[in-house]
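Going in written order, the chains are labelled A, B and C, and every chain counts its residues from 1.
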């Protein structure tokens, strides 16, 4: 989902814009290692393909429709760094020419969809895409891609003070799950068809990778995103839940982590504090993603 | 199609069209930032800002109604959140969401409507954005509508054979057919990319794209910069003074 | 899956006029043509304009052999007509100003001088073909090779294309299915079949020999 301008709080869009610059720069450098400047047209044309494919609407629910986001498909056929560059290009055109997504919010959208979205898709594929569980790896990757970017977007909105009462949140998450499943299904079907049409498009990563640690990392990332989401909206809800479950006593030390009650000392006033803590949480997620990504690629070359 | 209209607008010949894309981008960014950071006097300032944008659009000889209507594309997304905010008892926030997203879209339209995409990318390149990324955007833009048209043809062909490519389908067969169609489109796009590559090589491409157009930053651009960049902030301050 | 093309002792000089390459789909005409400017390489030797084709000589030969592809949409890959036509000269090392000048001259020669600032997407098929030719002319080739130039062109556009080609001084090789078009321009023909050259000679003779009409 493309966040327009006017929704995100200043520390959020500014912080994410600042974070997006080195992230995109890194992706560009990595993509160029695999693709010299000669290959820019290929990436551009594949971006146009995804764009065209995105215009096909698949109804998801009452009044909402989903479409192929394409991050996973691109990651599986072009590799994740090139996929990130292509998605960034897509988002830029969408913001500039189609008013889909804001300009100041571009950093957030890029990090959500072109970085996290792409790499979240790539990890399961990298780990399980070579073996018997390939279909599931593709499906899970694509699902994760949409889910992670959508949850992050919601998290950023919530942290910026956009009101999302519980029922609306639940409905949104359900819709995201449906879109994510749709993305998974479409991606699998297209990849299978591609294998018949043009087999050399499809990567086959080496089978038999150790997946326990990475599965944990992916789950942690998702839980962190969801956790920030819920904690930001319903700290009281969480506390009362804890009380009802009888762990209220134990809940105290759990909550007094470095970001205890989302307080950071050097900000006065409640709103900047919350937002800053939210940002810190988000950056933590990105850092975890980056570390896992580097770990995976290092173990790939091993 | 949207793109075609914007393309046409962007190839106008007004003074605003002729300004350096970097100057226009700087003006846009300051406008967006000032709007984004405004909390008090938002409504009054927005009226003034909208007037300012309309002035720019008129100077650029852009169709005012068209610009204002296209900017409204952002509103549906905002409506949902605004409605929720309103229901939660914060109508001010609801208004802010709608107003800010609308103003930002309108401002971007004024830039996009007076700057052809390749020129805009050229300006970005000379501002330090990595060339590889900009080349990808350039080619994406160039082939965006070619490939979308191919997709449309495929849809029409599929529909005339009784399929409905656009529905969430219970039947696996139709779903697979849609996936197959996307795969074919993918393969065609890839093949086109290879054709392009051959055409590039045939004309002596040695690995680096050479830029052709050079924009010189002239006096008029400097004047534009000095006026347009502070303007949104000045407008805001004036509004604050005028409105209690 | 690329069909092999075997050419033995095929020689052409200026006086031979425009040559038509005829033959069924998949017979190797396009493959052959891609060898002429080194985009494809195979076994055996090719000499173009007196130079043996090697990896080192290919760039220079590419300048001499101007290839106009069948699909103009893929050939006009730059955002504007002017930038596209100037692409070749820029790659050859000319400065931006010189490249622009050469591009404008080439556009004028094909009658598309007014289209310089336009986006290729909006041009008609005939206009795109002309701009593609301009892009090649801007490199000042000695040989023009056109692969199925009349595809996508309606009869009036075909006629203007024929008129344009007749004016151009370069030696021309025309891959075409359109025997009527070939008749207007070509004196000689080479017939391809299954990756081999099955015959060559005067256009009418070849057409008659292979019942290609």
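We take it that contacts are C-beta pairs under 8 Å (C-beta built on N, C-alpha and C of every residue); 3 or more make two chains touch, one makes a residue touch a chain.
Computed from a predicted structure; not experimentally measured.
S.K.: Can you figure out the chain closest to the middle, judged by Cα centres?
M.R.: Closest to the centre of all protein C-alpha atoms: chain B.
S.K.: Tell me the chain pair with the top count of C-beta pairs in contact.
M.R.: After tallying contacts for each pair, the winner is A-B.
S.K.: Compare the CA centroid of chain C with every other chain's and tell me the farthest one.
M.R.: A
S.K.: Per the centroid of Cα atoms for each chain, what is the distance between chain A and chain B, given in Å?
M.R.: Chain A and chain B have C-alpha centres separated by 23 Å.
S.K.: Between chain B and chain C, what distance separates the C-alpha centroids? Give it in angstrom.
M.R.: Taking the average C-alpha coordinate of chain B and of chain C, the gap between them is 38 Å.
S.K.: Express in whole angstrom the distance between the two chain centres, defined as the mean CA positions of chain A and chain C.
M.R.: 48
S.K.: Quick check on chain C: which residues sit in contact with 2+ other chains?
M.R.: 77
S.K.: Quick one: which residues in chain A touch 2 or more of the other chains?
M.R.: Within chain A, residues 41 contact more than one other chain.
S.K.: So which stretches of chain B touch two or more other chains?
M.R.: Only 117, 138-139, 141-142, 146, 192, 196, 200, 205 qualify.
S.K.: Please give the residue numbers of chain C that touch chain B in the complex, ascending.
M.R.: The touching residues are 34, 37, 39, 59, 62-63, 67, 69, 71, 73-75, 77-80, 82-83, 86-88, 90-92, 96, 99-100, 117-122, 135-136, 139.
S.K.: Please name which positions on chain B make contact with chain A in the complex.
M.R.: Touching chain A from chain B are residues 2-3, 6, 28-29, 32-33, 35-37, 70-71, 73-74, 77-78, 81, 84-85, 88, 90, 93, 96-105, 108-109, 111-112, 117, 120, 130-133, 135-144, 146-148, 150-151, 155, 165-168, 175-176, 178-180, 182-187, 189-190, 192-194, 196-197, 200, 205, 207-209.
S.K.: Please output the residues of chain B touching chain C within their complex, sorted ascending.
M.R.: Contact set of chain B toward chain C: 7, 11, 116-118, 138-139, 141-142, 145-146, 192, 195-196, 198-206, 210-214.
S.K.: In their shared complex, at which residues does chain A touch chain B?
M.R.: On the chain A side, the touching residues are 2, 4-7, 10, 13, 24-25, 28, 31-32, 36-38, 40-49, 51-53, 55-60, 68, 73, 77, 85-86, 88-90, 92-93, 95-100, 102-104, 157, 161-165, 168, 182, 185-186, 188-190, 192-194, 196-198, 201.
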